[in-house]
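Read from first to last, the chains carry the letters A, B and C; within each, the first residue is number 1.
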Amino acid sequence: METSPLPTQFSREATIYVEDFITRLRRGQVIEAKKVAIETVNLMRHVISISRWDNVTMLVELIKSVGRKLVSAQPRELLIVNVICRLLRMVEEESEAVEFVEEEWSSREPTREPVSATSNKGSETPAMGLGQAGALLTRNLTEQVTSQLEVETMTLLGFKKNIINEINEYIMELSNIEDDIAKNALEYIHSNEIILTCGRSHTVEKFLRKAAAKRKFHVIVTECAPTYDGHEQAKALAACANIDVVVIPDSAVFAIMSRVNKVILGTRAVMANGGLIATSGTHIVAAAAHHHATQVVVCAGPYKHSPWFPFNDDRFNILLSPDAVLPYREGDLVNTVDVVSPKYDYVPPELVDIFVDSMGGHLPSYLYRLMQENYDDAKDFAWNIYDQ
Amino acid sequence: MAGDAEPGAFDIVAHYNSLIEKDASISAPIAAVGSLVKLIEKQHATTMLEFMMITRSACDRLKSATNNSISLSAGCDVFLKQMSRLSHAQSVEECRKGLIKAGTEFVQGAGKCRDSVAEFGSPFVRDEQTILIHSYSRVIMGLLGRAVKQNKRFRVYITESRPDQSGLRAAAELQKLGIPCEVILDAAVGYIMEKVDMVLVGAEGVVESGGLINKIGTYQLAIIAKAAKKPLYALAESYKFVRLYPLSQYDLPTYRSDLLSFKDRSTAEVDWQAELPRNNPVLDYTPPEFITLMFTDLGVMTPSGVSDELIKFYLD
Amino acid sequence: MPPFASGAGQRKLPKPSGSTVGIAVHPRIKEVGLRMATMDISGSNARTVAVMLAFIDVIADYTTPPHTTLVYHLTGYLSPQINFLVHQRPMCIGMANAIRWLKSEIIHTSHDLKEDEAKSQLISKIDGYIKERITAAGDIIADAGAQKIQDGDVVLTFGASSAVQNLLITARKNGRRFHVIVIDSRPEHEGRGLVRRLSKGGNTTGLSDGVTYASLTALSLLMRDASKVFLGAEAFFANGNMLSRAGTAMVALSAHSCHVPVIVTCETYKFNERIQLDAVVNNELGVPDALIDMSSEAMAQDRLNKVCPLNDWRANQRLRLLNLTQDVTPPEFVSVIITEVGLIPTTSIPVVLREYKNQI
């Protein structure tokens, strides 16, 4: 994909940061979900603070243009888009109750006199219906409410400070996300239960460890071909005093499922309908659990919520090197067969019973609402990004 | 109190019918709002109570006068809700003006709604897909038309959709767009489902459960799609969201006990062919568990998202 | 220890003497037993045929001791041979069925026959059993199954079943053009062998429009393309449950949920009158260390040099590796069983069992 040129207000320095991050993404040096999210936010914070922007519109455009550039470099990385949408929403929220006062960029003294507000929709009269007209209507009502509240006047610089503070808070939230999710663990895991999980997930590891602080239970870990990072997960969990760990091959999942009380899974991303984009192999585990009426619990922080619906299961998938599935050593075979090794599975929402994030548990059908809250209109950015 | 229109006064039903006749692309809720706007332009109530009573009774008259009351009542509901909102703080005259303005905008914005449904839905149409659609639906035509403009190649099966055979009309339109299409018997849905990648249906009304009310045959189509694990997407403009919570097929406002009831025919010679259409329902109800996603002008949403929108709209 | 991980222990090393005193284990039995233990002979059919052929030799070399008769003595003589085999590797159900059949044949041998006559009668019966119930049955199954493959089909199979392999080759001989997806799983990677054998009888492009190979984790992606699933079975129980190589149940489940027909090949000698409800009550445990043996996994070079993080698993009391080798597929996932007596639904298994019982 052609990378779009960055807009002119980009400083040379910012361009360097963006390019550097893109290079590291492309080289696969930033892989772990949380790391991708945090590094993206860090980059945005940096770009926002060193770039020049004179109003909210320019700021939004700045964030979008960096976002577009990152997405064109890594079009299948959902997390980047999630995070950008969240930032856009943040800017929107922050600017809603603000009236800007004109002044020199460098001046720090706030003036009392409000100048024309940057309200872009206030002049419209309430329209009807639930349609676009209706959306406008409800928005107008909320605006009427907010307009009754104190409208803060502030300078652009003060606004910038606020935004950076917000972003810092967001980074904090991201850094602690696994612990925050793990706080709920005791509600989901009881003593002597048999839990099954697949592959490596830091979120699930912390979740189980938290529960193990109070309770003793068994965890079955599947290997998860072709990376077999279930081995690492098992090792990490077995270091915990109260957990008995059993490693099984992927093929034994159905055989063992009749003895499993709960399946706890991590995921790479959650689609707006509650479907998962998760490590390949998750689908069969969830399907086997569903067949045995075993509850499937998915631990995922809000930054994994993607504003997309899964209209194309394969769009976000990546095919890995066939070497991991059929070693190049088996040269004679490699020549005669196609080897398929997808990185992710799409797991439909009906195979998931509950999502756990820092707030607690949510039904798959409710995820759509959470997504709405997280992103609101900012999701349009995601919805349009592939059209450009 | 309702229904007694003064002689010589504005006849809302006639106006509604003339709107529908004039413009084939207008849908019932839009025509209803258009007629109500016309009504309040002409009436001269002096108190708020009188104003509201006249409007309400006009809505009732509209609903009872047509056979398509579900879709129509969505328009009436929105209008009445807006009226009660405006009535709180303002005088009759302001309320009237506000309503006329909002209503006119609503009617003008209707075409746009259909476009944005197409916009949100078209990413789901992919190359080499086989799509099954039911009956004729303007909003589906809009979506498929848009997909064709995006140079997507796909095939469409269309149900004949008896008794009015509206599927034939859909086929003719799609063929003009250059989309390969075939019309199938309503009874062949089960046969063809294996070959289908997704199912699209329109809606007369989307109800509070997240389900929908549509042309007869939609429900059985949805059951087969679910059994075959094929996604079924429902397309609906948000002005079709109605405040109904049907519990079964027989819990719809259009329900008449004489539909498909057993009649005493022991003596007479029966003309079954003629009996068929007048003895059969025209709409059925599809519960939310059969709907994969809804494409609306508010965006793509799960059926439960529809309830959320309705709650948001009517509860604020 | 979690409740499911108890059960049968790991495969035992062969006991040099066995439990019976005075009767030596026949060298042919030793050979077959050891080859089974090293997985040189694997798969239900191969193991059963090998054991039955070995018994032919055992019977040929057998002489009845004085003061007893063949009918009374021979079964006792066979017991230590059988025990030896079981020590090498637990019997598969087909093999157990065949041995049970052989014992009953011995008991029903007429007392009037001379030893030589009795021996040759038994030998020809065993020969007949192998031919009728296994070899010929396999051919009939391959022919019947190949009929179910149409041009343009995408056939998905799991692991390596000899019956499925024969069926695919037969279909190719019949001129069918189809694509094969081989799903495979650790630790055995039997599917690689199937791919290799399919490509040996001509190149793979001759077999079909190609072969795709993937691991079990990629199943849900590939199942969408499949038009038919062919699976081999180790046994069917009277309740319709299918015992098979671990992973089979998930392939069948996935196919079932994608509305892809699941066609299972199974000779009737593998039908069992027992009922098994799930895979935990009875399962053959593989060597646990197979799970940490990454030598066949040739990751990219950097991973190859990395040791498996579980290499020292024995050092941690709380860490265990469980290598279940079988699973049980519920009957609702199986569309049809292709047997030598025809295509039957899973509900007809008791009928077939009863018919064979009546014949004896």
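To be clear about the criterion, contacts are C-beta pairs under 8 Å (C-beta built on N, C-alpha and C of every residue); 3 or more make two chains touch, one makes a residue touch a chain.
Bear in mind that the values here come from a model prediction, so they are computed numbers and not experimental data.
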{"item": "A-C or A-B - the one linked by more C-beta pairs in contact", "value": "A-C"}
{"item": "Chain located farthest away, centre of chain C as origin (C-alpha)", "value": "B"}
{"item": "Identifier of the chain whose CA centre is least distant from the whole-structure CA centre", "value": "A"}
{"item": "Euclidean distance of C-alpha centroids - chain B vs chain C, Å", "value": "59"}
{"item": "Intercentroid distance (Cα basis), chain B paired with chain A, Å", "value": "36"}
{"item": "Chain A-chain C separation of Cα centroids, rounded to whole Å", "value": "46"}
{"item": "Numbers and ranges of chain C residues touching at least 2 other chains", "value": "257"}
{"item": "Sites on chain B touched by chain A in the complex", "value": "33, 78-79, 82, 85, 98, 101-103, 105-106, 109-110, 112-113, 116, 120, 123-124, 126, 237-239, 241, 293, 297-305, 308-310, 312-313, 316"}
{"item": "Complex contact set, residues of chain C against chain A", "value": "1-5, 182, 185-187, 192, 195-196, 199, 203-204, 210-222, 245-247, 249-250, 253-254, 257, 278-280, 283, 291-292, 294, 296-300, 308-310, 313, 316, 318-324, 326-329"}
{"item": "Chain C-touching residues of chain A, taken from the complex the two chains share", "value": "194, 218, 220, 223-226, 228, 231-232, 234-235, 238, 241, 243-256, 258-259, 279-281, 283-284, 287-288, 291, 314, 317, 321, 323-330, 332-333, 336-342, 345-346"}
{"item": "Complex contacts: residues of chain A adjacent to chain B", "value": "125-135, 138, 141, 272-274, 309, 311-312, 365-366, 368-369, 379, 383, 386"}
{"item": "Residue numbers on chain C that touch chain B, as the complex places them", "value": "257-259"}
